[in-house]
Amino acid sequence: MSAREVRLRARGFAPRRLPGAGAVTAVCVFAAWEAVCRAGLVSPFALPAPSRVLAVLAEMALSGELLAHLRASLGRLAGGWAIGMLCGVLAGLAIGVSSLARSVGLPLVSALFPVPKIALLPLLILWLGIGEAPKLATIALGTFFPVALSTASGVDQIPRSLIRMAQSFDLPNRAIVLKVILPGALPGIFAGARISSSIALVLLTAAEMIGAEYGIGALVLQAGHLMRADRLLAGVVLLSVLGVAIGAGLGALERRLLAWR
Amino acid sequence: MRLRARNLAHAYDGLAALGPLDLVVEAGERLAIVGPSGCGKSTLLAILGGLLRPSGGRVWFEGEAPSGSIVPVAYVFQDFALLPWRTVAGNVALPLEGRLPRTEIRARVGAALARTGLSDFAGRFPRELSGGMRQRVGIARALVVEPGVLLLDEPLSALDAQTRELLLEDILGLTEGATLVWVTHNLEEAVRVADRVILLSARPGRIRAEIAVPVPARERNRPEAVPVLARLRGELWALLREDARRAQTEGPP
Amino acid sequence: MTLVSSAPLFIAQERGYYREEGLDAELVFFRAAQPVAVAVAAGEADFGVTAFTAGFFNLAGQGALKVIGAQSREEPGFDFSAYLASNAAFANGLTGPEKLPGRSLAITQHGSSFHIMAGLLARKLGVETKTIRMVPLETLQNMQAALKTGQVDAAILPGHIATELDRAGEAELIGWVHEWTPYALGGLFTSTRNVERRRGVVEAFVRAYQKGARDYHAVMNKRDAGGKRIFEADAEPVIAIIAKYTQATPEAIKAGAPYIDPEGRLDVGNVYEQVALLKEEKLVDASVDPARFIDLSFISGHFNLPR
């Protein structure tokens, strides 16, 4: 009988994070982009080189324009997102624990979630004017629905036995919500926070369609209209950087708060 | 504190699951409830613990809960029911929070952890513990409220045989003098922990037989107790056998 | 926005004027103005008709485009764009365009047609453009919503929308743009490459375009003895052609029909002024020179030539 080595068959299907791969990819993409532009393959007003975009960013930083845009947008993002998160978590908890809220709220949320928020802009102007209120409302609306849904599903994921346990010790309902349901729904709430932070960034540009003098969204919109591809891409770079930063911040917070997992 | 039930019955959506049956658990008594799978043991315990409203009959206490008792009836769960986001100490403190001053909570939790051998694990999260250690936390949490009656629903069933053996001895030591209702499908376990064993019939569970265990709790681990307990186990199995087989072949409704 | 402004292109196509010139033309439609210019600059289209905006000027200033004729213009006697005051601002003294300095005005975006019209008015009034506070709201719907609720003091809107708002009492029409400033809305343009290498084709295209413009002018630019604009039976065929391309109803086409010069002649001085006022606001790059992107050699008789 011939001897044959046992072949290892359980290989692959276990993706890991390769350290530094993200940075290397970014460098390669930018290098290729710069090379294409330097070689004159595309006209600079159609696709400016990354060095040009960086130069625009530097100019904006020096003139204080960058700070004005960032301050305006971050304020709107933080405000709108906070309102949407707070209302979404409350609504999601209610849907998760109350039959009435579930029966009324769930169909309502499902019906209103897909409404494109941009289509509501003229209505938001009628109701809230053209100041900061409609901008905050646009972002809050975009944030609210995913957070409400994923909070509710987070509550649904909590094993019933934990709630029965709390009841077996005669804990009051308030304590059950605060000590069992809220922490138990936290993974769901974080999932909602992640999705909604991206949605908030997407909606920032829509929100800043309404009478915004400063803001990254306003910058991108205006640059588009003025055919200033360099400023437009500078705005896009700012949005991506914001997206990455917010994602990293949420990740750090999640690692702290969900360390028990 | 004595626990009484009269004419107790329960049906889930018209499916008769339990009773009717009458029950008395005397103060300081250790009662084991056994029966074929699906006969309504957990249902009975949930009703006794006030976690389920029976479709018929009623349950009440007689006498006072011990002084210092925070909750009259405490529960130990088969799946431990620990909050994964709280440490061992946090889980044990849960039923005391808002009811006692902070310093007293700390003292009581410290004592409960010490009694259950968990002092070194106070800061660990449940996921960092073995199954046996997790159930110790469940027991510490039940004992910390100094209950009048302790209800245990298959407390050892999720554990491996050796862990089960060790924990069983520890629980007996920890609950000396307490009133216990211990639900199990393991007959050997029943005769080792109980003063009295109630055998339920197949669904809907009614009282089929009652057997007193004539060996004092303290002496159950002695070699001379072994044949007595084995004989009791055999008697119970003879009574249970047919129902158990039926429950097997019928399967869930 | 006002696709009717491109009517000469449609007429030339439907009546076979391109074919008569030996051209095989295909019309491509874009939802916005910018992509038209980009497509021509990139060589994906040969000719374009679109409104003047800061974006268009920035692109044309790069040297890839040549404006060779006119689209439509504000012509005295032909109501096209109107100044509107919100009811609140009207009650509060904004009774005419001359009172606009110091007030807020809804526009789509900085550098848009609306911005240019406001800028031309400011220059006419002898004040800086920025004395009129521009509020960018991106869409006409948003502008109307802001005007109706008094969030802005004023707006410039297409005539048919303006008269509708005024009639419904939702805003006050306080004047027509043609009563205040000349305004060349947009241009016919091609790529610099075409002008340099395919001059014959460009000339042929311009002739076809002019024939279409003359047909339009003959029936769509009529006024009665009292000076009121009228559409007679002979306009029906042209309206039918426009309807085919724009999917608009005949009523909507009449309400939104601009004045189009029969020869495609451009108000050149006005374009210089537009570029100048946008440069002042840094919306158009300082390097942009209208003399370099306007080619006057294809159509004779352009107006208002700078020395």
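Letters are used for the chains, namely A, B and C, taken in the order the chains are written, and counting of residues starts over at 1 for each.
Rule of thumb we're sticking to: contacts are C-beta pairs under 8 Å (C-beta built on N, C-alpha and C of every residue); 3 or more make two chains touch, one makes a residue touch a chain.
All values derive from a computational prediction rather than experimental measurement.
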item: A-C or A-B, whichever has more C-beta pairs in contact; value: A-C
item: Most centrally placed chain - per-chain CA mean versus overall CA mean; value: A
item: Farthest-lying chain, centroid of Cα atoms versus that of subunit A; value: B
item: Centre-to-centre distance between subunit C and subunit B (centres being mean Cα positions), rounded to whole Å; value: 85
item: Centroid distance [mean C-alpha coordinates] between subunit C and subunit A, Å; value: 40
item: Whole-Å separation of chain centres (CA-atom averages), subunit A against subunit B; value: 48
item: Contacting residues of subunit B [partner subunit A, same complex]; value: 49-51, 71, 73-75, 77, 79, 81, 83-86, 94-95, 97-98, 125-127, 145
item: Subunit A contact footprint on subunit C (complex, rising order); value: 34, 37-38, 42, 53-56, 58-59, 62, 64, 108-112, 135-139, 141-142, 144-146, 148-149, 151-152, 283-284
item: Residue numbers on subunit A that touch subunit B, as the complex places them; value: 159, 161-162, 164-172, 175, 179-180, 183-184, 186, 258-261
item: Residue ranges of subunit A in contact with subunit C within the complex; value: 43, 45-46, 121-123, 125-126, 129-130, 209-212, 218, 221-222, 224-228
